[in-house]
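Listed below are the structures to be examined.
You will see chain A twice below: alongside chain B first, and alongside chain C after that.
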Partner chain A sequence: MSGQDLLTISPLIAAILVAVAVLIVDLIAPGRREPALATALLGLGIVAILTAVAGRTPGQAFGGSYTVDALTTFLDLLFISIVALTIAFAPDYLEPRDLPIAEFAAVLVFALTGAMLIAASTDLLVLFLALELMVLPGYLLAAYAKHDSLSTEGAIKYFLLGSFSSAIFLFGLAYVWGLTGSTRVADVAAELGKIASGGPALAPGLALGLAFMTTGVAFKIAAVPFHYWTPDAYQGSPTPVTGYLSVGPKVGAFALILRLFVGALGSLRGDWLDVVIVLAALTMTLGNLVALTQNNVKRMLAYSSIAHTGYMLVGLAAYAGGRQEGLQGLLYYGAAYTFMNLGAFAVVAALQRRPGVTSSLDTFAGLGRREPLLGILMTLFLLSLTGIPPTAGFFGKAYVILAAVQAGGPLTILAVIAMLNAAAAAFYYLRVVVYMFMREPATEGEPQRHGNLVWAGLWTTSVLTILLGLIPAPLLSVVSDAARALGS
Partner chain B sequence: MTNSLDAYLVLSGLLFAIGSFGFLARRNAISMLMSIELMLNAVNLAIVAFGSFVDRLRPNASVIALMVIAVAAAEATVGLAIVIAIYRNRRTPLVDEYDSLRQ
Partner chain C sequence: MPGGILTLITFVPLVGAIVIAFLPRERPDLARFTALGTALLAWVFSLYMLIGFLPTHPGFQFVEVADWIPAFGIQYKLGADGLSVVLVVLTTTLTWISILASFGPIKERVKEYMISFLILEVGMVGVFLALDLFLFYIFWEVVLVPMYLIIGIWGGPNRIYATIKFVLYTLVGSLLMLVAILATGFAFQDAHGGQWAGAFDFEQLRAFAGTTGFANGLQLGAFLAFFLAFAIKIPMFPFHTWLPDAHVEAPTAGSVILAGILLKLGGYGFIRFALPLFPDAAKTYAPAIIVLSLIALIYGAIVALVQPDLKKLVAYSSVSHMGFVTLGIFIFQQQGLYGAILQMVNHGLITGALFLLVGVIYERTHDRTIAKMSGLSGRTPVYAATFGFFMLASVGLPGLSGFVGEFLVLVGSFAYAPAVAGVATITMIFTAGYLLWMYQRLFFGEMSAFLHEIGSHLTDMRPVETLTLVPLATLVVVFGLFPGLVLHLVDGTVTSVLNSLGRATAINLLFWQ
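Then we have the complex of A and B:
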């Protein structure tokens, strides 16, 4: 370890210090939310600046196990904005329920360090440690309302299946390490490259290891048929946590896929193409079909997030089919999905400001008249989730589907399935809009006051949702740099 | 195949299979936690076996095994905390009865 290494990982160190600082501030001024919130948000700003600065000098640290490139910087900034927005949305939901905000922010920033480490790690063992560092705080957050039996029920299902999948992933990792002789992604890629270019045949143990790792990751991104934990975990968790869980760990697991599958298994991509196609088709279709029948908006958004995983997998399949554009589409979709989905969950959380308000569809009846601004913003996010131009969601879908069409072959069918799914999804998203603007509420509720932070977060997400739809070029150039950094 | 790498890998595979079966078949949250620990220990056995039979893996093996032990400990801590929290709410460790979200 040298001074240069420490400089390279300075954003990560800063993130850890921010989490500790939030805890210390809470110790000094217990129970007061402003100091803790200010520390967390200011600290995240500093981490973002450090990330941008560190990203100017791409390089490796710790003997090649930590890599800073365009992909690291893009993903890190995305993770930081996810966590900052979640912290902004949280007080409105947590405060009326007497849940402390400082611990919430601190645990969230600890999860951020894991996600940032995933984005930068090019070593199998570091990837696994980073994954655990990201998901363990996630389990704690899911159980954050510890006296609420729904929250703890969601958390235990999330935890049990999450650690089961971690164990499966680790079993695969042990075999890949044992049979390729290295934990470095570059060395594993070189070993597998020999096999791909007609060297020794793929050893059964190695194939087994790769299959176990794939299964473990499929659990983490909630791809069908490994999605059973998702609806319960999402519905049970406190709403701001659900918003975070639906984007943070998901984009984090996709970062792991990019580092691991694209980085190490790129040479074998012809072999995993079929698996990804089947996973993508199943995930999109089942997610959307089940979402159609839901009457709880949180559960509906949980199934819709499964469907969105499927669309992102279409981008991965297009890459496996030989189109670099697939990765760009995947990254663009990740960013677009982050902002629109966080925004939608923020509206749900804002509605649940009063304790006892559920997230059932009836809660949304008459919202357009009661709180017009909230109704309009929710409509925007839902239209973007549907994929209607000119919103971020449209371009996200357009890029992954276009890449799949360009790749041709079986991927053309996948593109058609994706488009059919997008059309079917419109039904359940627009149903919420119908409820908000055309249904009379059963009981007339008072409009509620929402904090400034919530509005700031809602404006940020909505402006980004529109901007990424109107002028996609800047983000597109960023994601193409990031995809190129990963190699072809 | 006594005292060979394959023997240890088979043992580790069996332990892992027993752990997965326990996880899928048991309905008690504590037993499921124990099954996950068994799976992680099976992985550790495989890692240590690789390290002791393959020379070029030896330097890494103990580091990886120690890391896995640390992760397993962290996971058990979080898991037990969640189990205690839900036990206080529901008064039962049986996961079959945690079904209020599906209604």
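Then we have the complex of A and C:
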């Protein structure tokens, strides 16, 4: 370890310090939300600046197990945005329910360190540790409403299946390590490159390792048929947590896929192409079909997030089919999905400000009249999730589809499946719009006041949702740099 | 002619919509007049474009190009040829008429209504002017959302079912078209050594299609996707089932725009994009499409005959009339194409007017059942005369504009195959049948008990209502007597489309490579 190493990982250290600082501030001024929130958000700002600064000098630390490149910087900034937005949305929901706010922020920042470490890991063991570091706080958050039996149930499911999948993943990792003799991503890639060019047949051990790792990761991103924990965990959790869970750990798991499957196992991509195609098709279709039948918006968004995993997998499949553009599409989609989905969950959380308000469709009835601005913003997020231009969601879809069409062959069919799915998804997204603008409320509810932080977060997400659709060029260049950093 | 006129026409309504968003809710009249003013301004700009347009000049005029997403060669590119000019002017005209016609009927959420309408205009004009396939797709989808809201919020009792059906049908077609657009762009890029520049530029794609040509597999697939999107929009049998529902539930002005412009988006898409880009595939599928057109002609007419609801009758007559458009396009022949374009314009004027007239009676009686009305002419003579005028125009009375378009299509289809012309001609008899019968039931005979109950509410046309119909009636007469005014403008378009098709050969569906 050298001083240079410490400098390279300074954003990570800063993030840990922020989490600790939030806890200490809460000790000094217990029960007051402003100091803790200010510490957390200011701290995240500093972490973001450090990330940007560290990103200017790409390099490796700790003997090649920690890498700073364009991909790291892009993902880190995305994770920081996710956590900052979640912290902005949460207090209005948590406070009326007597759930502590400072701990919430601290736990989230701890999860952030895990996610940031995933983005930078180029060593299989570090990758696994980072993954655990990211998901453990997630279990805590899912059970955050500890007196609510639904929250506890969802958290237990999430925890059991999460640990189970981690174990499976680790098992697969062991095989790869055994066969290549190294845990460094670069060494593994080189070793596998030799095997891949040596002969057509995949060593049985390697195939087994690949299968276990794919299964483990499929659990984490909630790909069908490994998605069963998702709806319960999402519905049971406090709404801001659900918003976070649907975005943070998912993008984190995709980061893991990029570092592991693309970085280390990229030379075997022909072997996992078929699996990814099938996973993508199943995930989109089942996610959408089940979402169609939901009457609870939160649960509907949970299933729809499964469908979005499927669209992102289309990008991965396009990469496996030989197109670098697939990765760029995946990253673009990840960013677009982050903002539109967080925004949608923020509106649900804002509506549930008063304890006892459910997230059923009826809650949305007449919202367009009661709180027009909230209704319009929700419409924007839903249109973006549907993929209607000019929004971020549209451009993300177009990009992923373009990559699939470029790869050709069975991927063209996958592209068509994706688009048919998008049309079906329009039904359940637009149904919320129907309730908001075309139905009268069953009971006359008065408009609620929402905190400034919530509005700031909503404006951020909505402006980004529009900008990423109207002016995609800046993010496009960032994304293509990030994909290039992975090599091909 | 200063640059930027096309951008001006397209985005003036957006500016108006933003202004309306900041107007006070308690003053709906402010929103109404701002919307009308904006639409009139866009109309004036479009007339200015019409005057500056040079019909003899080949290719696109007033072209504006700016890089938008350079990484994929996607441009902000607008341009107009005769077809665009004609349809843009039709759009801007019908938009201000529709907004004026909404002054009375729309009393709730006026602000939101006017904003939706103006954004709808942005989308429609943009579709007719976009010369970049990606940009075209964006405008195409932009049309969808405001129409969804207009039907869903201000529509009739069954509006939610109707509007969701409308959206889902349209989306299935358009999303597949997106795949086809991306595949086409990629094929172009692939053929140009991986350079994205110009990959979505319509003029470059058309030039490529005219020389090298797209591979047969791509043509067959992409044409099918484009076809589905446009056929749903036009709508062609058997993709038409959303139309009657949407029309019946939409507010009057929504129906006018739906019939007047939205259906034309499909016809425009065929002529502008599907034929020139995939001429071989177009030739391959043409016989099947002609058969579908004939079915639409007859089926629409027969179903219209038995409709008890006045608005539904006009809606089904649209299916039948638009059958002439697709027939005219797909016989790949000069008169047919001229006829199809003219028919699009005429249908926009005439059916738009008929929906306005249906709105007039609905506002007074809150009913559209033909069986409940009779003897209307006694109490409302002006209304009866106006209705009669547009009804006869729709029948295709010589001297009014409806006749010329259908006649040209018939001439063209006779050259293509006399049997096709025969079937189409029989339809015209049906058309006369259902329209005249409807007119007889509504206006002649004793006044019905239902109308007696309405009593003094049953007034003749108000000045505003007359004002909305006079321009349409004038154009119907003018285009009926001087169809050359329109045909002259679209000379260049027709020649260029026929040129693209001239070199094409049908692909053998069993053994294509």
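Quick notes
As a convention for this text, the second predicted complex is superposed on the first by the 484 of 488 C-alpha atoms of A that agree within 3 Å, B and C clash if a C-alpha of one lies under 4 Å from a C-alpha of the other, contacts with A are read in each partner's own complex, and residues count from 1 in each chain.
Following the convention adopted for this analysis, contacts are C-beta pairs under 8 Å (C-beta built on N, C-alpha and C of every residue); 3 or more make two chains touch, one makes a residue touch a chain.
Predicted model only: the values in this text are computed from it and were never measured.
When the two structures are aligned on the shared chain, A:Leu12 is found in touch with neither chain B nor chain C. Measured by the number of chain A residues touched, the leading partner among chain B and chain C is B.
Of the two partner chains, chain B is the only one touched by A:Lys146; chain C is not.
Within the superposed three-chain model, A:Ala473 lies in touch with chain C and out of touch with chain B [touch as defined at top]. Residue contacts after overlaying the shared chain place A:Phe437 against chain C, while chain B stays out of touching range. When the two structures are aligned on the shared chain, A:Val405 is found in touch with chain C, with no touch to chain B. Once chain A of one complex is fitted onto chain A of the other, the partner contacts of A:Thr183 are limited to chain B, with no touch recorded for chain C. Look at A:Tyr175: by the touch rule set out above, it reaches chain B but stays clear of chain C. Judged by the touch definition given at the top, the superposed model places A:Ile388 against chain C, while chain B stays out of reach.
By the touch criterion stated above, A:Ala423 is placed in contact with chain C alone, chain B being left untouched. Interface of chain A with chain B (complex): residues 125, 128-129, 132, 136, 139-140, 143, 146-150, 152-157, 159-160, 163-164, 166-168, 170-171, 173-175, 177-178, 181, 183, 205, 231-232, 235-236.
Residues 9, 16, 19-20, 23, 29, 32-33, 36, 39-40, 42-43, 46-47, 50, 54, 56-57, 60, 63-64, 67-68, 71, 74-75, 78-79, 81-83, 85-86, 88-90, 95, 98, 100-102 of chain B are the ones touching chain A in the complex. By the touch criterion stated above, chain C contacts chain A in their complex at residues 68-72, 134, 137-138, 141-142, 144-145, 148-149, 152-153, 159-160, 163-164, 167-168, 171-172, 175-176, 178-179, 182-183, 185-186, 221. Contact residues on chain A toward chain C in their complex (touch as defined above): 383, 387-390, 394, 398, 401-402, 405-406, 412, 415-416, 419-420, 422-423, 426-427, 430-431, 433-434, 437-438, 472-473, 476-477, 480.
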